[in-house]
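Shared between the two complexes below is subunit A, which has subunit B as its partner in the first and subunit C in the second.
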Partner chain A sequence: MHSDYPPTLPAEYADIEFENNAQRLPLVLCLDISSSMAGQPIQTLNNALAEWTRELHDDVSLSYSVEVAVVTFGGNGVAAWRGPQLLAPRAPVSPFVPAHMFRPPQLAAAGVTLMTEALELSMHIVAARKAELRASGLQYYRPQICLVTDGLPTDATGHLTDSWHRLVPVLADEQRARRFRLYAIGVGGITDRGEQVLQSFAPKFNARLQGFPFRELLQMMSASANAEQKGAGDEVFEKIFSQFKTQRPAWES
Partner chain B sequence: MSGLTVFLDGKPVTLAELPLKGGGQAAVFPVVGDDGIVVKLYREPPGPEQERRLMRMLTMSPLVTRPTDASQPPELAWPTALARGSQGEFLGYAMRRFGEPQHVQLIGLFTRAQRLKLFADRADWRFLLGVAWNLAFMTARMHYDNLVIGDFSSSNVVVDANGFVTFLDCDSIAFNDRVTGELFPCLMHTTDYSSPERQAGGPATRATDEFALAVLVYQLLTAGNHPFGGVPHDSASESTVKDNIAASCSYVVRPERVVIPRGTIDPSVLPPELLALARSAFGPGVHDPATRPPAEAWLRALDKERALVRVCPGRPLHAFGSHLTACPWCARAALTGHDVFNGPAAVPVPGAPSQPPVPGEPWPTALKVALLILVVVILVVIAANA
Partner chain C sequence: MTGADERETPWRIHGMSVEGYRHRRQGLPCQDACAYTESASVAVLAVADGAGSRPRSEEGSRLAVELATEHFARRAATAADRRPGQAVHELLEDAFHDVCKVFLDRTGADAADFATTLTVVVLARGWLGHLSVGDGFVVLRAGTEDGERQFHLLPQPAAASEYSNETVFLTSPDAARWVHTDCVSDDGVDGVLLSTDGLAQAALNRSGGGALSPNTSFAEAVFRSLDVPGPVTASAHEGLGTLLRSDRLTALNADDKTLLRAVLKARP
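Here is the complex of A and B:
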């Protein structure tokens, strides 16, 4: 298939690709940085990313195979980040960075909520990365995409739009074919309607959480990545997710 | 801040609020005021079978007759007490703590970045060979004691700075209680280390352990390469380690069948006897459990090689098998620019004052002799029973 991200790697990562034949686990953080996230929420998100990055570096198991890409929606549109570096649209570089080299971007909140386009970009970079890995003879686990938002999809002018409906059948097909696992998480003051959008995107793995528990969210992503590495069955992922969703472990109930 | 209070043998202990690590089934917590132990709590109420299993385990003390000294940790993180709630309900169990930084998951030896970060100037090929020896020894000893590891992977074995290994998840071990005759099966497995019959839902056996051991030893001797890596030329779309195992598709045996990633280390770094064992495990042994090399075969072959390891004078951390006439790591670095054991900055510049000291003998001589005697005894006993 054609890829907008040909397998040209910046020099600093070339050595990493060379390192071993580990099966890779692509992980995409698809993050809402629209104006409603301004202030405390975006600060909380930046702090959580920094702390999670430290944990990721210290996790010998995850750092063996996880690679992280960040997609954001806000400002004037959607963007992919390679670690802290904002990639130009159509840049001939993969946004995926091996976990042990990942550094988080410093995010600022503004603008509109192009949620549909951001998910499309996330699916696109995952497909491109898979093609790239396969061509290099590298295997991969089922990728994880984690959508986080506090709002409703808008168009480029900031008006609510129903364009997200076009994604629902696509996402359903992709998830049925086990091409990736999508997590759709509503935070802050997300509305009932916002929650409904997330439910139709990710019927199994959606949640509406109080406040901005980004730490717990990222830890859940790590726990799921661990389960993926172990080859766990679907019920394990559902268990991990339901514990995260209720925000308390079973032994406290 | 502290978390839950649980009772170990009736004594209350307070757990840290956050677990050290948590999986789908359980989480492991530090104990406030006692760095020596941890408590593993199940996420779901564990049920009477698991409670019974742990009660029986507490009456057993496997591998205790093995010679050891203070520098060697036990090979099993065996349960030391049941953990109960205030109503006496069974929640989990306590065990000795084998935490970082002293104890690192085996998988930490499989990438250069982690090797350099966690083992500094120790983790050369001689060290990896020694870890493989310890792993084969642990497996042989457990099989001798009628224990089946069951869930055997690079994540639930930890290794210390001397290369000694400890198996962590003892509550999943399969065993047949000699006193009561009860059978406790292993219900967990890790797909990347699971033989086809285990993937298909079969029980954990010595033969499934032998498959996992073969994969782990191969990974150690190739600095982390999985023998079932690579994408088959004829694969439809998605392809995983699990698929390659099920299809008996290993590049160690049939390199022409897969696209081999360019970083993959040539299997010929394994000395011939070890390579022959690997080929039998990853060839006929994939679908025929009876042809997989037993742990003792790995142990014998690894033991022979340990005394013969050669050290490259050219670069630090370059050690290799006696079957090679030149350093394979230097050859690879010259060819590709990638040094498997040294980071880009760690290569000594000409005229640099000195190289890092060669790490000391990882096994004290007395212990080595004692272990060797024991191995011989085990082999004799096994041979006698065969």
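Here is the complex of A and C:
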């Protein structure tokens, strides 16, 4: 629904000056763009990102609050994007972009599945962003990290690896400390073993979905961001997620 | 602080709660509430923010401000000549205890479903009392410096969590531990503004490190419009509503918004 609120301030209040100190909600999309995503899947993902971006711009309550960063794993490794711009490794620039200014990257699929390293980078940029926000005196909501993959973690040569085990206790600690909410979503032809990895990473918020429902996935992230702003209890996030898993749009009801 | 007519309150008081963009879009009611009561000797102003995550919080916030105006006014009326200081802190804590007791009696086993914050200001002759649980806030107008009106944010209770959307409620098991009280004795106070956290980004500025101070341009504007002598007009009421519902404020915070303000009427 479109806002029917008056766009301008009444004359008697027109001289109020506002700082842009909206409470921030960092959101990381940690996306698998390895070779198995080539073709239709990556195109679907690019389209979904473009459409979601438009919706995000139109959402008055999210557009000045949500900050989006994209982390990808595929190609030659792990990368962070600042909107459409690929950042050089260890670039001293935050990948987070305010939602009202976010433009999605054009992603191409190739290469290996460095899922563990991508999640580590995601956690790192979230921690760094929180420190920046604290330093500038801005308040924030609990960040969200959304991992999306159709495969199993590999090493840099493309061989399956068990190195992801090292992440399990780290993620458990971080989630227990409520440093962020992690969503781990398997798409396409993800295997049972792939699903088990996601269950280990995100015991509550993991799913294995048919096909590549990226649109619904991104809408679920927006719905969760809204719930976060409302101060909703865990049960609300679980409900949103369970309705997403069964592919019923909870946020419509 | 005495007006010409001892029977009349020296304060002009006005305010409202409006539903935020998110609640409006979802067809949910406003979960904020505000109320005030006034007599010749004491005025009590209260604002409350019902927890977004609780099913009956809009009833909770309404009940909280109703009880607060009643019980704080009663306690203050019987002790309006109290000297500023410890006695006022005790009065505020006793009144809060009264409010909690009745609130929990009325809501019974489901009290947590009515979770709400509560911020109260008591304006008595010679002192101003402030009690808050949760993340509401109060800004005072008092004095001038180089010809500029000065605004002061009263201290808030300690933050309950790293995250800004998590706070303490009247119904929290250890609410009494999180209550913050102040007693201000300053004849220069001629404006008081109470709000819930929906206006925190608009009405307060943050410095690096998170220290908060009033947004002077915001405070100036909302007091100025109430300084106009005489009763508050329909258009002044509507103007405040338009401000609180504006996209400009929504972009900073899409939550419900409450602003309750009082200014000292001009001395004749």
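The working rule: the second predicted complex is superposed on the first by the 229 of 253 C-alpha atoms of A that agree within 3 Å, B and C clash if a C-alpha of one lies under 4 Å from a C-alpha of the other, contacts with A are read in each partner's own complex, and residues count from 1 in each chain.
To be clear about the criterion, contacts are C-beta pairs under 8 Å (C-beta built on N, C-alpha and C of every residue); 3 or more make two chains touch, one makes a residue touch a chain.
Note that the structure is a prediction, hence the values are computed from the model and not measured.
Within the superposed three-chain model, A:K239 lies in touch with subunit B and out of touch with subunit C [touch as defined at top].
Applying the stated contact rule after C-alpha superposition, one finds that A:P203 touches neither subunit B nor subunit C.
In the superposition on chain A, contact of A:V60 is made with both subunit B and subunit C. Of the two partner chains, both subunit B and subunit C are touched by A:E19.
Judged by the touch definition given at the top, the superposed model places A:G75 against neither subunit B nor subunit C. Contact with both subunit B and subunit C is seen for A:K230 once the two complexes are overlaid on the shared chain.
Comparing the two interfaces of subunit A, the one with subunit B and the one with subunit C have residues 15-23, 60-61, 63-64, 134-141, 178, 226, 229-232, 236 in common. Of all residues in subunit C, only 20-22, 25, 51-53, 162-167, 201-202, 205-211, 215, 217-218, 221-222, 224-225, 236, 239, 242-243, 245-248, 250-255 touch subunit A in the complex they form.
Across the complex, subunit A meets subunit B through its residues 15-23, 58, 60-61, 63-64, 100, 134-141, 178-179, 223, 226-227, 229-232, 236-237, 239-240, 243, 249-252.
Partner subunit A is touched in their complex by these residues of subunit B: 4, 22-25, 27, 41-45, 91, 100, 104-105, 107-108, 110-114, 118, 153-155, 189-192, 194, 223-226, 229-231, 238-242, 244, 258-264, 336-338, 344.
Considering their complex, residues 1, 3, 5-10, 12-13, 15-23, 60-61, 63-65, 134-142, 178, 226, 228-233, 236 of subunit A touch subunit C.
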